[in-house]
Amino acid sequence: MSYSTDFYTAAQELIAAGQFIDRKGWVPATSGNFSARLPDNTCAITVSGKHKGQLTPSDIMLIDALGQSLDGKTPSAETLLHTHLYQRYPTTQAVLHPHCLSATLISKLWSDAVVLEDYELLKALPGITTHATQVRIPIFANDQDIARLAQQVDRYLDQHPATCAYIIAGHGIYTWGNSVAAALRHLEALDFLFECELRLHRVKNQ
Amino acid sequence: MSYSTDFYTAAQELIAAGQFIDRKGWVPATSGNFSARLPDNTCAITVSGKHKGQLTPSDIMLIDALGQSLDGKTPSAETLLHTHLYQRYPTTQAVLHPHCLSATLISKLWSDAVVLEDYELLKALPGITTHATQVRIPIFANDQDIARLAQQVDRYLDQHPATCAYIIAGHGIYTWGNSVAAALRHLEALDFLFECELRLHRVKNQ
Amino acid sequence: MSYSTDFYTAAQELIAAGQFIDRKGWVPATSGNFSARLPDNTCAITVSGKHKGQLTPSDIMLIDALGQSLDGKTPSAETLLHTHLYQRYPTTQAVLHPHCLSATLISKLWSDAVVLEDYELLKALPGITTHATQVRIPIFANDQDIARLAQQVDRYLDQHPATCAYIIAGHGIYTWGNSVAAALRHLEALDFLFECELRLHRVKNQ
Amino acid sequence: MSYSTDFYTAAQELIAAGQFIDRKGWVPATSGNFSARLPDNTCAITVSGKHKGQLTPSDIMLIDALGQSLDGKTPSAETLLHTHLYQRYPTTQAVLHPHCLSATLISKLWSDAVVLEDYELLKALPGITTHATQVRIPIFANDQDIARLAQQVDRYLDQHPATCAYIIAGHGIYTWGNSVAAALRHLEALDFLFECELRLHRVKNQ
């Protein structure tokens, strides 16, 4: 199997993103998966079972728009959650799914969503131009049946298309953007804001 | 556009400061902005929209003393907050504005100011020679109208000229000094002291 | 004394694991010890008294299956806890014992075990394929008499052979796996999950 | 001024210790000071006003056993606290004084001492061979009059010669050892144990 230059470029971006995300502690053990859409609408995506802070090009595989393997490697069970986002959002070029402690804790203490407001950093999220706004990040129940989980997500995004991320309870976060850098920006902002909410929650609920 | 050696020296200091500040986690996503005054009273300042831990010389632009671009690049909306400080304090040579978690949380739990006292580390702040003192860091409401926000800050600093930093609520901190190193020293000390206050607050308010 | 290539390979893996673990802050001072089984059923194990983030090949020694020194170096008092695991689990090739803050705190706040459930990251542990499960990590009282402590552990593992880790109260964690990488994966997952439990505990018990 | 090889060796050890300690966040701004005794009973000690994570050999000065400068550089005001320890303890070769967040917080929440017990990591401290012991770390009021503070410390150490560290309230910790590595080991162990106590304190006092 030989890969295109676009594939290798995307793979390098995902490898660098993984090192960045791992330094933050957001992909413990071999958790998480990352993908980037290529110009021909195929996707580069991490294979499962590898430490995301120590990825090499051979840990990135090629799938088609429906999530089928194009290079004989076995895609992660969660691949469907990536491809659904690419199908829904034509400008989305990257999807990041780490297991942040902050998102995991949020999902255990909030119920169906966490609402972020009155933070300047909200402006790092797409389409936000003022802190005086509300950004709602939905929380879905975890499910080993990924098709069913994807359906649950789809129903929500049909109703709330401007969503930029979602949490799977006790599991992690999915966020996406028009480039790997944009998705990373959303991730870094959300983790910071979740951590703010968690530390304020502790105080407010005493 | 060609820049002076002074500009490049200042740009290198701001780049290194950005890497230091990012390792601490104080500039998530593309938040924050930093500047340094040059001998001819122009300023080197970070352009907006870049990750402050990954700055290159082309991410630093040149403005005049009033905040107008001198090199065709677009200055950050918050540039005015930098230039007002340089106009007010003739010896100030650098202004740092990161989005520390500590400052953000302080602004959500304290009201119009946080008062620091009885810490040896206060001596890292300008003009402080003993722990047995009080340092007041004011907190201003966030405002997307930067001219109005600058006015709010100016009114306070007119009354309290010895101030070394201020917090914008839900946003971040501004601190300054006679060099980039001095501003960094103030920042590192204040973040430590804010974190102390936050952890003590939790206990005291149980 | 000359060592086999297998020994040096294992030593390099333990040195790298030590650097990884130290960056996480899990082996403060000279705490912790790590081992790897060699093909001939001898073991490479860290000598005591060295900082585990700064190991060199000479800080790794060779012991036989019963924990006796084969190279004249003095094994750690806790060597027995390693060899018992190798004797019990034929596929276990590595044992890691760091002093994580999380495990230490868990042991002070929970009594005889911590039960982890409803976390996707549980799937990083051996034999777990769904978050909808319970993983029990037992906590044993600390004891300077290592033979007696080993006996305590053995009694529990006789009854609960599927255990993948245990905590010694006020001391640290033991975890193991089919390779150094697998043991590291278990460790990284457990530390994350312990930290989740600790932060939730604080809220739930307010 | 030319320095001995012993001086340069000690300076390199203090520089490396500073980098280690700074990575932990224990010397914010330009806080802290470190020293090492030389074979001729003079001392290498950090000059004041430098960032301890970025020391160069010229940031280390030479003092005599009474704390007087031998090279024309100005010693830190706290030099006396170092030399008193060297006079008291003939085997002590290094003194480290960082501003750990943990020690600062302990001093705000405990009164005249913190007692550590039932931690395996206590064995990293000198003369401790079991977790089933108590180690008392005294807390002294901060004082800008260093001679008076030194006297306060001396009175305590006269009564409790086996002490391995003390806290100055709102300020930081002093610890020492038979080498720079030994003092670092004590520091790393104490910071870990203080952090344990702080996190348990929060729970116990709810």
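Here the chain labels run A, B, C and D in written order, and each chain numbers its own residues starting at 1.
The rule we apply is simple: a contact is a pair of C-beta atoms (placed from the backbone, for glycine too) under 8 Å apart; a residue touches a chain by one contact, two chains touch by 3 or more.
The shown structure was predicted, so the numbers you read here are calculated from the model rather than taken from an experiment.
The most distant chain from chain D is A, comparing centres defined as mean Cα coordinates. One simple way to say how far apart two chains are is to compare their mean CA positions; for chain A and chain D this gives 45 Å. In terms of their C-alpha centroids, the spacing between chain C and chain D amounts to 32 Å.
Counting partner chains per residue, chain B shows two or more touched chains at residues 202, 206. Going by the touch rule set out above, the chain pairs that meet are A-B, A-C, B-D, C-D. Against chain C, the residues of chain A that register as touching in their complex are 25, 28-31, 51, 99, 101, 104-105, 108-109, 142, 144, 168-172, 198, 201-202, 205-206.
Every residue of chain D that touches chain C in the complex is listed here, in rising order: 118-121, 124, 129-132, 181, 185-186, 188-189, 191-192, 195-196, 199-200, 202-203, 206.
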